[in-house]
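Accompanying notes for the structure given below.
Lettered A, B, C and D in written order, each chain numbered from 1.
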Amino acid sequence: MIIKDVVCPFCGCLCDDLDVEVDGQTIIKVQNGCTLAEAALTGNNRLPAPIRRTATGWEEISFDDAIRETADILLAADRPLLYGWSSTHGEAQSIGVHIAELLGAVIDNTSTVCHGPSILAIQEVGHPGCTLGQVKNRADVVVYWGCNPTEAHPRHMSRYTTFATGFFVPEAQKDRTVIVVDTRRTESAEIADEFIQIERGRDYEVLAALRAIVRGKGSILPREIAGIAREQLFRVAEICMKAKFGAIFFGLGLTMSSGKYKNVRNAIELTDELNRHTKFTISPLRGHGNVYGSNEVFTWITGYPYAVDFARGIAFYNPGETTAVDILRRGECDAALIVASDPGAHFPHAAAAHLAKIPTILIDPHRTATTPLCRLQMPCTMAGIDAEGTAYRMDGVPIRYKKFLESSYPDDADILKRIHDRIREVQGS
Amino acid sequence: MRVILETKQRKKPFLPIEAETIIPRNFLKGPALTVFEGNKERLLSDLFWIFVEGTAVSPDKVEVILKGDTARIKRVGEYMDTGTIRIQGDIGMHCGNFMSGGVIEISGNADAWLGREMLGGSIICYGNAGHYCASGYRGEKHGMKGGRVEVMGDAGDFCAEYLTGGEVHIHGSCGDMAGVEMKGGQLIIEGDATRPCGNMKDGTCMIFGTVHHMLPTFEKIDTKKLPDRDGTVVVYKGDVANRGKGILMIKKPLVGETIS
Amino acid sequence: MRAVLNTGRNVPQGVAVEHKGSPDYRAAVSVCHMNPVDLMELGSNEGGHVALMSRAGSVVLTTRVAEGMNRGEVFVPLGPYANRIISAETHATGMPDFKGEPVDVVPTDEPVMTIGELMESIGGVWYDH
Amino acid sequence: MTELLVKNACVIDPLNKILMEIMDIPVRDGRIVESVSAGADVIDARGCLTLPGGIDSHSHVCGTKVNFGRYMSPEDMRAGRTARRGKMHVTSGYYVPTTYGNSYRYSAMGYTTVLEGAMAPLEARHTHEEFTATPHQDMLANTLFDGNWAIMEAVRAKDIKKAAAIVAWTLSAVKGYSIKLTNPGGTEAWGWGQDLSSIHDMVPNFNVTPAEIITTMIAANELLGLPHSVHLHCNNLGKPGNYRTTLQTFDLVPDTNNGRQTLYATHVQFHAYGGTTWRDISSKADDIARAVNAKPQIVMDMGQIMFGRTMTMTADGPMEFNLYCLHHNKWSNHDVELETGSGIIPVLYSKKSLVNCVMWAIGLELALLTKNPYQCLLETDNPNGAPFVKYPEIIGLLMSKRYRDEECATLNGGTEQRTALSALDREMDWNEIAIMTRAGQAKALGIDAQGKGHFRTGAEADIAIYPIRCRDVDPTTEYRKVIEGFQKTMYTIKRGRVVARDGDVIVEGANSTFWVNPVVPDDLNVASDPEFVKKFEEYYTVRMGNYPVQDVYLPRGKCIRTEAAL
């Protein structure tokens, strides 16, 4: 049986045109998806039951025991950390925020090690963006800055930009000028019309130089900036100013390099300047399937997209103080609940090591690098396969994951709801 | 009146303490104040040995002294308007934020956001200051508006971000992007700095150490001799990527490196 | 050899990221992509092991030649191996220095640790079912 | 079976012609009934002013644009923080509060129904998710059609039936309530960074004019028999001299519906500017009000601004960019493919600015010059003009000439010559205020038939009891009491359940969402029109199958079926 228009839960592209062939409860074939989609949908070696660490190793326990123990651990903590949330659906995320509110905990999602700095920049200068269809139908200049879509978002170019035919762009490759800016000649750079090789960590200067050129102040610039000849910058600025619709996409090359969110801020201000000449938009290439969803859910409940600290009863936000890596590095949290993410693999070890020192609970279907660090893990459904719910694409468009497999595992929203109710019951509120 | 607060041993020493109630004015009514340890409210006496010497009629006569393991005590001196706080060790984040008067002296190091959004008064830190020293809050258009912050040691990244008024004097070196988004006030850095004063709109910044990766969007307008400083400084106007009207004076521009 | 570390996603890492216990995840993320000339000057060859040392720690990886790679730079896919040499300092922005970390690259014939060993070195207890 | 009796309430119920009568209101199972048994709970209103639950007919509270306003301003979130207390969750934000913040503050002011001012169909799912997180108000969603490609092609082909069929499919797919046009055609021109300067300009590449879009959509709206009329945000918002565009637009509006208006013009204050530049901007409220007084088929709302900080957020992308060029504050923009756009920028309305003072005066003039209060409703286009928590102050201004004069004295000196506010001494009475804050909205939105905005038997028991004794308070002088009275209800009752008492919400809410399913004959169902489906699949980046909002997003959805006269 073939299920049509399945939504891929893996990356921020949230491609929703996959056709999945299913026989009983096993997936046989995935069509239209990229290699990452196939891997995400077909893998299926989940934990059979919740496991708890013992003095000598691990033991399997029931969901009831696991849930009660989780609630007791979190209630006993003075500064619990709730981290992750990006690979699950909106319903589970909002219960997570309510749990954090009840406990006076710190809650953070994976933006903190991905596009958190982009959010900081947006909070300083705004975000002149658009949905991906606007780029697909109109963009004649596409800039990829500090990102490698062929590796991280394989179908981005074919569904939305370089190779996508649009209403006003009938022949994509002829009508679109693609500019790639990166520190090395990546696969994406191969197909670019213009490749700018930039010295590592100097994006801020180059973006400042481009802004000066667009403002007509290019004359004061030195001959070469961050390894790029001034002439190339003038040429690129000219291409952008002459575009009918320009779109900048940026990735972790800007958010992770030195300067962090100030690089993104400069890119946004460049877009603002270009908007005085023509139509220009800028959008981050969000990594996880539903990380933008966790930002949206956190924002409409607490007011802040990530790194929210309820310790004082109100919602307090200050990346660098209330972000997961900092709290773990300082050893501030005395209990942790990790949901739908893998800090064991993706956090610096000095931060991840703290998870092993405190009672950590992990809710994740697979055995991950966080499993050894945690004291208790509960497997659950996988959003987009055997659980449905809302996910937000990298441009903010909400799409609903499809559930096309029955599952014996509980939905993580149900697990979290039972934890939430248990906490409320113990608190007597 | 002098109030000495000495930290007690804590079961969980790594939990941060939020102590915005520790300001001289509050001790006029006696030391029965509360602070937060993680998400739990504690009496001041739970976490500190409290010694009170003498009395005071007005808050400006109150001197608070913090001793012991104070590195994780945050928001000390918030909204302080008068009096003195002396911290003998290190101090946690947000020390002296929104301060409008009085004096804070820190013998050890200060954590991030020292003197955030200050309006007046003065802070002197003999050790090093963390990141965002004398800066603003996320999304705000103005950082420090007045008063004086002096750091004898080094300061971290984003020092004096969004500086709008007042004076920041760093005797050591600064990390990356000191004085970024500056729009007023005065920032003096005796030591080195990297990519200072990005997007500077106004105010003056003087750097007497070495500037690394000078931003290309500053226009050299002058070289001059400062009265109380030997040697000459190069004067730049910027940041022209913005409508820059700020003044950036640099002592030793590294030939080649600063230009590129 | 002194080099600058760059980390990030790539397709092999993305394909295996949902199955961390599998050998191909380990193969995908315990690799150090290098410029061929750098590798040759190190006196090592593709498939040989190198130790990367930074202010945060050190890790042994398998080398692989990458065409577009600049000299003096190495690329390690994001994962537990890369995170062993990335410091938790975030410059008060919440984001660690995943890119731009200076490292020393030294050829070695130490074995590449398994993910279990990596995690147990920071206090974990491996679980295999 | 739950029963409630509200005793000796001083009721004003304009739709029932009840004016300050002391009476009891019997309620059973959430509905107003003839009488209740002795066992009913009793609330003694102690002769205080009792009105039907407040209805906000144009407010930006839920959806992608609003959440983006929160997302990008932590400094505003910090300014409005409240802790978790009793049944109330944490809230943050002053001019763009979080969903719980909106819900509690509306409830404290006695508001029980809110229409979300603009919902892009492609992002409707987000709006509905936030509806469920705004638990104490029944919600409706204005659905944006101003830049819809399929609609513009139908307009070019002068095919009203086709336009109606597209509206029918879209509204039932995204669970929307009514047609919203924001700067019609202009948002499509903004796709190329341009804008339209008159309602007769051609939209690039689609060669239709805003005038044609407006007339076709009004015709389609009436053809489908939708409960609400077209909800229009005129072209040229915020541009000096734009009152001509507004008057031309009003002239397009036929009087073809005797049940209700055929055009709801929203936040008309922003569209009533004379002069040619910011320097010589002046009030044209009298021209606009004269046009509305002459056209019963038009209802407008004030779009009042109040001084202080706020956030402008509207689907009118080009206008927000022009504001950005003026204010140099953070600017956000979010075009939605094939449908509409949006823009966000924080602003400060200051008494020192002559322009802001003129804007402030225009809003009040519009209300005072419109004879029939049903035709000029009290709104601030929350949060564009001001956060809705400032409604009571506007009530005070409308009821007291003295308060207006005191405020005018503190304004920029030049305001006198540019506006006629000080010459108007009309003072609204309690009944007119009740019309402008609930009865007028109920009629304009067509939800009086759903039991909203009045106390007739069978109506929904949404009751707001304010701590004001109308007979003991002279609003013309004691306006402070009026303002305080309207800020916090003694009781806010929603569907027969006490939701808020003295400003505190005391229950977990369970709101419902009203949406419209316009039934059209099968041959007009666009879902089975191969041309429509082909274009959809080709130019949207979302599959047509994944576009509709699933029923799970409306746990307590209330569907209103309308029969199209086709």
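FYI, a contact is a pair of C-beta atoms (placed from the backbone, for glycine too) under 8 Å apart; a residue touches a chain by one contact, two chains touch by 3 or more.
For clarity, every value in this text was computed on a predicted model and none was experimentally measured.
S.K.: Between B-D and A-C, which chain pair is linked by the larger number of C-beta contacts?
M.R.: A-C
S.K.: Hey, which chain is the most central one here, using CA centres?
M.R.: Smallest centre-to-centre distance to the global C-alpha mean: chain A.
S.K.: What's the chain with its C-alpha centre farthest out from chain D?
M.R.: C
S.K.: Roughly how far is chain B from chain D, going centre to centre by Cα mean, in whole Å?
M.R.: 46
S.K.: Approximately how many whole Å separate the CA-defined centres of chain A and chain C?
M.R.: Once rounded, the distance between the two centres reads 22 Å.
S.K.: Using CA atom averages as chain centres, what separation in Å is found between chain B and chain C?
M.R.: 38
S.K.: How far is the middle of chain A from the middle of chain B, if each middle is the mean of its Cα atoms, in Å?
M.R.: It comes to 33 Å between the two C-alpha centres.
S.K.: Give the residues of chain A touching no fewer than two other chains, as numbers and ranges.
M.R.: In chain A, the residues touching two or more other chains are 120, 123-124, 258, 310, 312, 317, 319-321.
S.K.: Give me the residue numbers in chain C that touch at least two other chains, ranges are fine.
M.R.: 91-92
S.K.: Note the residues in chain B that touch 2 or more other chains, in rising order.
M.R.: Where chain B meets two or more other chains at a single residue, that happens at 112-113, 131-132, 137-139, 176.
S.K.: Touching pairs of chains, which are they?
M.R.: Chains touch in the following pairs: A-B, A-C, A-D, B-C, B-D.
S.K.: Which stretch or stretches of chain D touch chain A in the complex?
M.R.: Touching chain A: residues 62, 64, 67-68, 70-74, 77-78, 81-84, 89-93, 97-101, 122-123, 125-126, 129-130, 133, 149, 190-193, 205, 321, 324-325, 330-338, 341, 344-345, 538-543, 545-546, 550 of chain D.
S.K.: For chain C, which residues are in contact with chain B within the complex?
M.R.: 91-92
S.K.: Which part of chain B faces chain A closely enough to touch in the complex?
M.R.: Listed in rising order, the residues of chain B that touch chain A are 12, 14-16, 18, 36-40, 72, 93, 112-113, 131-132, 137-139, 176-177, 180-181, 195, 198-199, 213, 215-219, 239-242, 259-260.
S.K.: Using the touch rule from the top, collect the residues of chain A that touch chain D in their complex.
M.R.: 4-5, 7, 16-17, 90, 94, 98, 101-102, 119, 122-134, 136-138, 159-160, 165-168, 244-245, 272, 275-276, 278-281, 295-296, 299-305, 310, 312-315, 317, 390, 392, 396-400
S.K.: Quick check: in the complex, which residue numbers of chain C touch chain A?
M.R.: 4, 6, 8-11, 14-21, 29, 56-57, 67-70, 73, 75, 78-80, 83-84, 86-100, 115-116, 118-120, 122-129
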